[in-house]
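Each of the next two complexes has subunit A plus one more chain, namely subunit B in the first and subunit C in the second.
So, the complex of A and B:
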C-alpha cells in the first residue's frame, strides 16, 4: 500500500517537473539580490499579497506579466497551483476590501527582465530565453 | 374495659394533618412531584429556547446592519476609486494620442490594477480608441451623450450573465482634444468579492442595484447574477435605517426570508443590498433548540422513571409500615383481649368481669333495676381433670362455656373466674322466676352428656345466686354471697341452684372454718374410723365391717363425711385423707385378727375424686403390704356416680384392683343413672342397695318392687347383694325372704369406734344364730 502510494507520488513529481521544464518559465531576481532560494509557500505569500518581504527580511516587490500571457498562466499554475480565475477572485477580494494591491503587471518577459534587473528588491518570472547575467534564477524547494 | 380514647385535638390541626397526610400519600406526592418537575423542566426549556431565538435574532439583525455599513463603505470607496480614475484620465488627455496617455498613466502606477480593471477611451461613436487592455477584444461602448455625470452600465450579453462587465463611464469634456467617453470596465464579481462564505453561508446576499431597477450584481453563495430586474424603491423603503438592526423581508428574487439591508449610496446612483438567510443562519439555533428539547425530554423521562420508582418504593414502604402498624395494633388488641379474657374459653376473665359487674350494678342502681349474679362451680371437675388429664379438662371447660353462652340471652354476660368457676351476670331482672329459668337452663345444658375423646361423660354444676341490691350493694359482697349460695348448693347434693339468704351466711362461715381446719386435721390426727358390721342374712353372723370416716373437730362435734368430704373433694385433701382411711382400716383389720377374732372383710369407701386419682392403686397396695392384710378381705366401695364419670378408666382401675385380689362393691346402688347394660362391664363383686330404697320397706310398694328388682339383678349377675340402712326387723324379714345376701344398718349395729366394735363382734360370735 505504502509503496504504491510512494510510487504514485514519484510519478506525479516527475510529471510536474516535466511540465515546469516544458513551460520554460523561470523565477528570477536581480543578480544583486541575496535571494537564491524560496519555498513554494514563501513564493505564494509574496505573490498573493500575504507577505511583502523575503525570508531574509528585505522588502519584496513582485511583478506579474499580463494576465493574458502564457507565462502568467504557466507561472500561477505551476508555481502556485492556481488558475487565473482564482487569482483574479483573490485580488478582487483584497482590492475591494482595501487590503492589498496585486503585483505590478508588465507587458512581456523582456519588460520583466529589465524591471527585475533594475530593482534589487524585485522578483519576477519570465521565459528562460530572456535570462541574462543581470538576473539570477531562484530555486524553488 | 373501655377503649382508651385518643386525646381530643382541635379541628384545625386535624384538618392540617389530614391535608399533609393526603399530600404525603405516595399516590399524590409522586405524581405531583412529577407534574411539578415536568412543568419546571419544560418551562425552563421553552424559556431558554425562546431566549436563544431572540438572542440569535438580535445578533443576526445587528450583524447584517454591521455588514451593511462595512459593505457600504467598501462599495463607496471602490466606486470613488473608479470615478477618480475616470476623472484622472479625462484630465490627463491632451494632444498626445490617447493610448500614449494611458500607457503613461499606467507606467506611473496611476491606474487601477489591470488584472481587474480595464480603462478605455472611446470615440463619440463608441468605438474604442485606447485601452489598458487588448483593444481588439473590447466591444463597442455605448454612446453616452446626454449625461454629464458617472454612468453605470452593464455591458455584454445579459443572457449569459456571468460574462457581463460593469462599465463606469464619464463623458470627455467638450473642450477636450478627443470627444467621446472614458470608461473603467470591471467584472461585476469584483463588487461582491467580499462575500464571505463562512459568515454569509450559501443563502446570504450581497448586491449592488442600480437606481434604474436593474441589479448590477448579486451574489448568493458561489453564484453571481447580473442584470436582474429589481423593485428598487420597494427594496429601499423596506429597509431599516442606518445603524438600526436589519429587518426581515422576503427576497423577491428567490423567495427566501432574509435579514436584509438595502441602502442608496451617497453620490452614486447605486444601492447596496446585504442580507442573511434566516433559515440558514437559524440552523444552529434550531439545532440548539432540538438539543434542548431532546435534553428536556430525556430529563422528563428520567424524572418520570425515578419518581415512578420512588413512588413504587414509597408505596411499598408505606404498605409495609401500614402492615407493621396493623400488626402492632393487632398485637395490642390481642394483648388487651388477653388481659381481659380467659385464654382458654375466650370468656371475660375475673378482672373484666369485675368491671362488667361494677358497671352493671351502677346501671341497675341508676335505673332502679335488679341484677342477678350466678356463681357456678362444676361438680367433680377436679376428679375429671385429674383422671382424664388437663387437655380433656380444658376441652370440657370450653364446651361448658359454649353451653353457658347458649343458655343465656345476648345481654347476659358469662365469665370464667378461673378453674371450674364461672359466673353469669343477668343485668336486668324483670321477674323473680327469670333467674330460676336461667338456672334450670344452665343445669340442664351442663348435665347433658359430653363427648370427650370419643367417650361420653357427665358433669353437673352447682349454682349460687346473689341479687343486687338485696344481697349486696358492692361487688365484693355480691360475689361472696353468690359464692356462699353456691357452696350451699354443693351441700345440697350438687347439680342444683341455691339463692343466697342471710341464714346461709352463718353456714358459710362454718365452711370457711372447716376448710381451714380440714387442712390441719390429718396432722393433728383428728380423723378416726367408725366401723359398722355387715351381717350375713343366712347365718346372722358378722362377716365384715365397713370403715366409716369421722372427724373429731376440735371445736365442733363429731363430723360426718357428708359434712366435709365434698369440701375435701373440692380442695383435693380427699387423696391423703383417703390414703389414711385405707391404711387405718387395714391396720385395724389385722389387729383384730391378731387379737383372735375371725378374719372379717373390711369395706372402705372411695370417693369419686379418689377413685380417679392415680395414687389409689399404689395406696391400696402399700397399705396391704405394710399391714400384711389379705387382699381378699379388703372391699372397695365406690358410688355409682363415681364410676360413671369416666367409664373406661373406671373399668381399668377396677380390673387392676381385681387383679390384686381386692373385692369391689358398688355403693348407693340405684341412686345414680347408670344403665344396667353397663353394669356388666364393671368387674363387680357386690351391690349395695341404697338405704333410701330400704327405708320405706316393706310398706311402700314402689320401694318393694325396686328393692326386689335390684336384688334379682344382683343375683342374676352373680353378685353379693347388701342392703344398707336396715332399721327394723320387718325390713330384715322382707330382705331375707327376698334372698338378700347381707344386711347392714342400725338395726344390727350402728357405726361405732373400734373398741366398741370389738365388743359387738365378740357378742355376735358368742350369740346363737
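So, the complex of A and C:
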C-alpha cells in the first residue's frame, strides 16, 4: 500500500515536471515600452497584485494566459517558482477580502502578443514562437 | 448576522444601485466569485461538542460523533468596479449559526474609494484584520489547514465589523507595506444554556472597535502586526453582577472588576510566514487582556508545511493559556457563599490547551483541494478547552482527538 502510494506520488511529480519543461515561455512588453529588465521580485510583485507599477513608476498591466494552458504553468513555475494551485490560493486570499482581482486572462500566446503590442503599459508571457518585432523580450536578473 | 441596522440597509441599496450602474456602463467590471467547504469532523469526546466557534449551536462529539456542521459553509461574493476609483462588494455566507440554522448572512458589504492608487477608504460591513489570516478565515481554500488555529483565532471569534477603514500601501525598496486602520462596531449572537438548563441566545455587543494593523511583504517573507481594542458588553450577565452591586462599595468593586459591561479588551497579535514555494513555516502569537472574569490569555501556534507536487503535508503545534487567577475571594461575607461560588464558576472558566496536529492538503483539481487532519488536544487541568455543549458528565482536563476531512473549493 505504502509503496503504491509512493509510486503514485512519484508519477504525479514526473507528470508535473514534464508538463513544465514542454513550453519555452518568454516575458514580453510592447516595443514602445521603456522596460528592458526586471528583477524576479519586481516581476512577482506585479503578477501577484502587490505592485501596480513598473520600477520606473509607470503603471503596469499584467496579462495572464488561461490557467489550463501549458504557458501559464510554465510561467509561474519558471519565473515565480509557484504551482497553479499556489497562485489560485494567493488570489483567493485577495479576491475574498476585496483586495484585488487576478490579471486579465487571454486565450492564447497570439492573443497575448496582440494585446501587449497594442498596450505600452502591458506585460505578458508567451511561447517564444510568437515573438515578433512589435514586442520586446524582458530579461530577468 | 444581518441585523436591523439602517446604515447597512442604505449601504446595500447603494451597492445595488452601483452594481446596476456598473452593469450598464460601457466598461462594466462585475464579478461573481464563490467559495465553500464540505467538511466532516469526528471527535472522541462524547460529552461535549467541538464547534467552529462560540457562535455555533452544535458540533462533533456530544451532538453527534461525526459532524458536517463544523466546517461546512458556502460563500458567494459579488464585486463591482463602478469607476476605476469606486468599487463595491457584497459577500453572503451560509454556515451554522447560533440558532442552528443556515440562514445566509451578509458577511460583508462595503464601498471602497481609492483616493490614490495606494490609499483607499472603505465603509460598510468590513472584514476585521485582527490576525494574519483573519480576513479569509472562512475561505478554506485560502488556508493550509482545515480551520484556523483556535488557540489564536478564538481570541476574537468575530470576522466582520460595521464601520470604516483606511488602507495605505507603500514601498520601501523591495518591501511592500500596507498599513490599515479599522473602526466600527458589531454584535455577535451566541447560544448558551441558562440557569434552568434551557437553550438561550446571548448577545455580545462590541463597540468602539479599533484595529491598527500592518502587513509587510518582502520576497518570501510576510510579517503581520495588529493591535485591537474594543468595548464589550454581554447584557445577559448584568443581573448577576447587579446582585454584587447591592452589597455596597465592596460589592461594586467586585462587579466593576469582573463584569462584562462596556469593558475594554486589548488584543495584540503578531504573525510571520516564510514561504519558499516548496515549503513554508507560519506562526502567530496573540495576547488578550481585559478587566473581566475572562481575564488575560495568550495563544500561539507554529505550522510547517512541505509541498510534494500537489500534496502538502503539514504539522502544527499550538498552545493557548489563561493567565489570570481562576479563583477569586469574592465578598466572603456571611450569606454570600453561593454568590461567590457563582463568581468563581465564571472566573474558573479555563480554556488552556496544547494541540498537536498533523494533516495534508491535496490540490487534486483546479480550485479544489481535499484535506485530512488529525488533532490531539491536551486540556490543562480544569480546562474545558474550546468545547461547548458540555453535558454534566463532562470532566475538564484530559485529552480530545479530532479527525477532520474537508473539501474546499473556489469558483
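Going forward, the second predicted complex is superposed on the first by the 118 of 141 C-alpha atoms of A that agree within 3 Å, B and C clash if a C-alpha of one lies under 4 Å from a C-alpha of the other, contacts with A are read in each partner's own complex, and residues count from 1 in each chain.
Note that in this section a residue touches a chain if its C-beta (ideal position, glycine included) is under 8 Å from a C-beta of that chain, and two chains touch if they have at least 3 such contacts.
Note that the structure is predicted; figures quoted are calculated from it, not measured.
*Asks:* What does the overlay on subunit A give for subunit B and subunit C, a clash or a fit?
*Replies:* Subunit B and subunit C clash in the superposed model.
*Asks:* After the superposition on A, what does A:129 contact: first (subunit B), second (subunit C), both or neither?
*Replies:* neither
*Asks:* If you tally the residues of subunit A touched by each partner, is the higher count for subunit B or for subunit C?
*Replies:* C
*Asks:* Does subunit B (first) or subunit C (second) touch A:98, or do both, or does neither?
*Replies:* both
*Asks:* Could you tell me if A:37 is touching subunit B, subunit C, both of them or neither one (first, second, both, neither)?
*Replies:* In the superposed model, A:37 contacts neither subunit B nor subunit C.
*Asks:* Does the superposition put A:64 against subunit B (first), subunit C (second), both, or neither?
*Replies:* first
*Asks:* So, does A:52 touch the first partner subunit B, the second partner subunit C, both, or neither?
*Replies:* second
*Asks:* Just one of 19-27, 37-45, 253-261 or 307-315 in subunit C hits subunit B in the overlay; which is it?
*Replies:* 37-45
*Asks:* Please write out, lowest number first, the residues of subunit A touched by both subunit B and subunit C across the two complexes.
*Replies:* Common interface on subunit A, subunit B vs subunit C: 67-68, 88-89, 92-93, 95-98, 101.
*Asks:* Provide the residue numbers of subunit A that touch subunit B in the complex, in ascending order.
*Replies:* 64, 66-68, 87-89, 91-93, 95-98, 101-102, 104-105
*Asks:* Which residues of subunit B touch subunit A in their complex?
*Replies:* On the subunit B side, the touching residues are 74, 77-78, 109, 112-116, 134, 187, 189-191, 193-194.
*Asks:* Any idea which subunit C residues touch subunit A in the complex?
*Replies:* Interface residues on subunit C, with respect to subunit A: 31, 33, 35, 75, 77, 79, 87, 89, 91, 108, 110, 112, 117, 122, 127, 135-136, 139, 141-142, 171, 174, 176, 217, 219, 276-278, 307-311, 363, 366-367, 369, 410.
*Asks:* Provide the residue numbers of subunit A that touch subunit C in the complex, in ascending order.
*Replies:* Checking each residue of subunit A against subunit C gives 9, 12-13, 16, 39, 41-42, 45, 50-53, 67-68, 80-86, 88-89, 92-93, 95-98, 101.
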